[in-house]
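You will see two complexes here that share chain A, one where it goes with chain B and one where it goes with chain C.
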Partner chain A sequence: MINMTYEARRQLGYRIMMAPALLLMAAFIVFPAFYAFSLSLTDDALLGFAAQESSFVGLRNFSRLFGDPLFWNSLKVTLIFVIGSAVIGQFVLGFLSALALQRQVRYKSIFNAIICLPNAVPEMVVGFLWISMFASGEYGTLNRLVAWFGVDPQQWLYTFPLLSIIIVNTWRGIAFAMILLTSGLASIPKDIYEAARVDGATDNQIFWRITVPMMMPTIFLYMFISTVTTFAIFGLVYTLSRGGPANSTEILGIYIYNQSFTAFQLGYGAAVAVVSLVVSMILGVIYVRALKVEV
Partner chain B sequence: MIWTMKSLVLLPVGAALMATVAWWSGESTSANAPHLPTLVIAEHRTARLQALMQLQPALEAKLGIRLKIVEYPAPPQDYFTKLVTELRAGNAPDVFTIPRDLQMDDLAAAGYLSDLTEDVQQWAGYEQLPELVKTLTRASFDEQVYVIPSIVAVEQLYYRHDLLTAAGISTTQPQSWQELLARSEQIKQELGQYPLLIPAGLTWGMGSYTEGFRYLLASFSNYQLLNADNQYVLAADAVTAAFGFYQTLVEQQFMPVKPLLNPEPWVIPKYEMFPKGQLLITTCGSWCKVFDWGPGSRNPIANVDVAVQTWKFPSADGSEPFALASVVYAWAVNAKSRQQTLARQLVLALGEVDVALVYAEKLGNVPARLDAANYPAFAALGVRMADHALLTEARALRTTVGSNAMMAGVAQASEAVLTGRAGASQAQQQLINYVSNVLGEQQVKPALTVAKAAQEGNAYD
Partner chain C sequence: MVAVVRAAAGDVTVREYTSQRRAYLTLVLISLFCLIPFFWVVLAAFDPRASQFLQVPQDITFEHFRKVFADESGMRWVLNSVVIVGSATLLTLLFAGFGGYALSRTQAWWKRPLLYAIILVRIVPPPALIVPVYKVMLFLNEWINGVINQLTDNVEMQQQLSRMFSFIDGYLGLILIHCAMQLPLAIWIMKTFFDAIPKDYEEAAALDGASQWQTVRHVLLPLALPGFAAAGLFAFINAWGDFLMPLMFTSSPELQTLPLGMFRAFLRVDAIDYGFLTALAVIYTLPAVIAFAFARKFLTQTFSGGVKG
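Showing the complex of A and B:
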């Protein structure tokens, strides 16, 4: 230790400080991922003889998975859900909110609070709240609203199931997008805008040629985080629709739950979870590497 | 800064206060209670909890124990999932119920249940059980007894007698599927309402089998779901015909399909349409006139005992119409319970008639034991006394390990029929494929082809 150079001691210090975080990540992220993979190679179950003594089945769960139309449906639904709510809904509305907050507006703090409130409510509570909104029959909140325009009561979660859960997740996620994008906007030096204005740039030109390009790292960071977290959503959709009707909202999280804790097939459920992890990682790599954005 | 300082002072003081209160309340509780062994018992749903709390003092006094009742989630699927995960984790209660008899084999095979065979041999109550009920308490793979039955659901067709009579439509017992379908056609033509509900689809979960598909399979008196080797017989004509019956209901628009695709598919047809007379016939059990549409329910039907009456389910092969019986909420002992002797005594006490009558009254089923009819409180069951009398002749389809997969397969395949994605033979093939995938091909008899696959579209009519 005494013979170490200053640089070496500094590096060692960094590693020691990182050790607790790395240990926690190893215990709660890396180990469960490897455990899930090992589980996916077995016929382990919560019920039946396999619950007492599971057997190694190789890649049988994966071959079953790729031939399972419900899995492909689930993957498709998940991608639509992620693109609809995280990539389009939350991002567009979050960006608009962040831009609006850059301006001098009255009651800015109230506006801020309204946007942030949905994020403060637990996922399951949001689900129940929107069940009340979407409830069929004349007493559903949304049905009461549309009744003012002469529209008959609708079964929203049946007629527009995927759109409904996209709207709810968008509503819930705007705050996170707004906060992250606001910090991105704040990091753009003001003198660049002033120089552009002196050169006669319009608001439109400033937005597309300065704001958006300089926001790209933040935007892709947001896209990365929101895509991965939306991929992992479960409680919100489970509360709202449980994956129905007719599997139309069965995102991967619900599918994994149904296989593991409704059909009680842990091995198969783990195989779906592993594939879900791989898909998330591929999307992450696309964001971080293929788009050449430093995060 | 002032607030920060305040917080720094208040937080530890608050925490200390809460710890003191918690310690004091814990002390006072244990100080008041005598040193009795404690058994943890799982219970769920308001009516069942009320029944157990009513019985608790007598049970505690009889066995010299303290009962700790732990409330579990109300929906049967959520209850079962929580129970199974706790059993696997090794932290489940000492005593619990199994919602349906066909879930017992899977739990027993997993090693979660104590073998009660020797206990029932010394228990007088066992001889009072109908043979069918006795069979349903034994696991198919080793014929050992793993549960103590308390109440039984007798399941039939429930129909709106008041509305059919008012419309001049016959209310005599339909003898065959054809007769039931003809009656349905008449109802549709004359009342313009949906005539018949037989549960199906993914979101109804295991109910698609227990409250739907099972009736159709049992309509064939010679059909057994299991063969002698305990394999599921899914390629039989009875299975094709059962899916064909669903196909007919869908194609003829006899059944409300859209509500069955909702997250809680039973709510609209059973709790809204049937009480309003928008649905005239449905499968249901002896709980329905109490729990679903009784005076104390959320969807009461006026004078329900007269307005709603029952038909046995008609057969498909010329045999007599029949009622189904299911052992519901039978008591089981956790194999990992550290107090095996007491837990076994407790489940035997829970199998007594006086306990069953309290549950039956609150929940709406009938006692499993035949000698219940000799008890004065039996009369309180009212019209359900007739259901109890059916116990000796009712039918049931025995299942084995993997029933959960079989039921999930039925839910998937029947949903394919509901949504028009599959005809009867395709749905049957889907069921066979699913069960074979999950349980292995050796669990399904015979092989993976359906002999009648070429006859696609052979809806039953």
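Showing the complex of A and C:
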């Protein structure tokens, strides 16, 4: 220690400071992620013979997986859920709010706070609130709202389960899209707009020829973040529908949980987890490469 | 010429006016969409005849709130949540403070790979980890309980220690797993904030004879305070709202936190006490909303790491 140079001591210090965080992330995220790969090659189970002595089964879990209609259903549901809520719902409503807040409107901070409110609500409470919203019978809140338009009372979570969870997740995520897109809008130089107006451009032209192209990096960032976070959702849907009715809202996270802890097939659950890990890692690597994130 | 300019100006104000009206309409509609689900929970929490349906209370009562705190399990859920999420947040701040500082200052070969790795770790979907993490926790659990049994023969003591330090159905396990999940974002935030603090300050302190630890305490910590605030708020909000980890790693009623306690109470289909549950939901939501109000101004600063608050 005494013989070390000042610089060498500092370098050692940095490594020691990194250690606790790295240790925790390694133990609870990185190692489990790799462990999922090896588990997916076994017939491990929570109960029964395989729970004591799990054995190597090669790619059997994967061949079963790719022949399992429930897995393909889960993949499809996840895709619709991500596109419906993150790519379309949150993005459109968030962009509209960001554009509207660009105008000279009063009560900006109040609107802002209201739109941000759903984002702060814990997952369990989100499920709780919307179960009341979707309550069937003529006194359900949503049923009373649609009654104004002459629509009969619906059993929302049974008749339109996937649409219901898309609405809920859209509701929860508008704030994120709005905040990110607002910062993107603010970074567009004002004189470009003025120049366009002087040249007689219409609002539509300005939006499609200036705003949208200038916003592309921000939109790309938003799409990446919201896709990976929506892909990882569990609690929100679990508290609302637990994947039902009849697997219609069984997004990948819930499929993994159900296979592992309801059907007790840990090896098979791990195989599904591997698929979901691979998908998000591919997205992550594309993002890191494309944006060349500054570090 | 003058007429043309006037006409153009008139055109602009009309255009401004309609676009203004459209902006208000958009904001009011979206705000309504955001607000409507809250009406029920806020009204029912004070309604003596609370039900699953939205209704204007005839009377106002604080009975439901009193019940949450008088009721043993309600109070326990609140306390467990505070203890577990609070400790996880503090631990996250401690480790992310060190880690973020090291990542900001070092020029070693591992800096860049590690930063990219942290982005990738951040986007690992937690549901994909449940099986292997469960196995890791099981392993650690057996180990720690072995240690506890070695330490003391007193069964009561063993049970208490086990409650504290078990990885499954114990405080320590939940604290550590929450901390691990929040670390990538927190480290990223701290690194960004430390990047903004000039190295000269530290060098000046070092020249004046301050030790590395003194420099940290008297120079770095005060300057990095906003960073700690941001990292802590996001760690708290995310861990506080999480449902998956408590679902996976708690089974005994004494250990239940707010999300799981609420969920199980809600599943008792025969006798759902909506007054109790809505009051609980309000209590559970308030800390997160308050934290979010403070955290909002930090939101845009933390995006570059591909991370969502």
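Methods note: the second predicted complex is superposed on the first by the 237 of 295 C-alpha atoms of A that agree within 3 Å, B and C clash if a C-alpha of one lies under 4 Å from a C-alpha of the other, contacts with A are read in each partner's own complex, and residues count from 1 in each chain.
To be clear about the criterion, contacts are C-beta pairs under 8 Å (C-beta built on N, C-alpha and C of every residue); 3 or more make two chains touch, one makes a residue touch a chain.
Just so it is clear, the structure is predicted and the values come from calculations on it, not from any experiment.
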| item | value |
| --- | --- |
| Chain B versus chain C as contact partner of A:132, first or second or both or neither | second |
| Which superposed partner A:93 touches (first chain B, second chain C, both, neither) | second |
| Partner chain(s) touched by A:280 [first = chain B, second = chain C, both, neither] | second |
| Touching partner for A:29 - first (chain B), second (chain C), both, neither | second |
| Partner contacting more residues of chain A (chain B vs chain C) | C |
| First, second, both or neither for A:246, with chain B first and chain C second | first |
| Shared chain A surface residues [contacts with chain B and with chain C] | 261 |
| Interface residues, chain A side, partner chain B - complex | 45-49, 51-52, 64, 68, 70, 136, 155, 157-158, 240-247, 261-265, 268 |
| Interfacial residue positions of chain B with respect to chain A in the complex | 77, 81, 84-85, 88, 106-107, 109-112, 201-203, 205, 258, 261-263, 268, 401-402, 404-405, 408, 412, 415, 418-419, 437-438 |
| Interface residues, chain A side, partner chain C - complex | 10-11, 13-15, 17-18, 20-22, 24-25, 27-33, 35-36, 39, 93, 96-97, 99-101, 103-105, 111, 113-125, 128-133, 135, 139-141, 144-145, 171, 174, 176, 179-180, 183, 203, 221, 224-226, 228-229, 231-232, 234-236, 238-239, 252-254, 256-257, 260-261, 266, 269-270, 273-274, 276-277, 280-281, 283-285, 287-288, 293-295 |
| Residue ranges of chain C touching chain A (in the complex, touch as defined) | 15, 19-20, 22-24, 26-27, 30-31, 33-41, 52-54, 94-96, 98-99, 101-103, 105-106, 108, 111-112, 114-116, 118-121, 123-136, 176-177, 179-181, 183-184, 187, 212, 237, 240-244, 247, 258-260, 262-263, 266, 277, 281, 284-285, 288-289, 291-293, 296, 299-300, 303-309 |
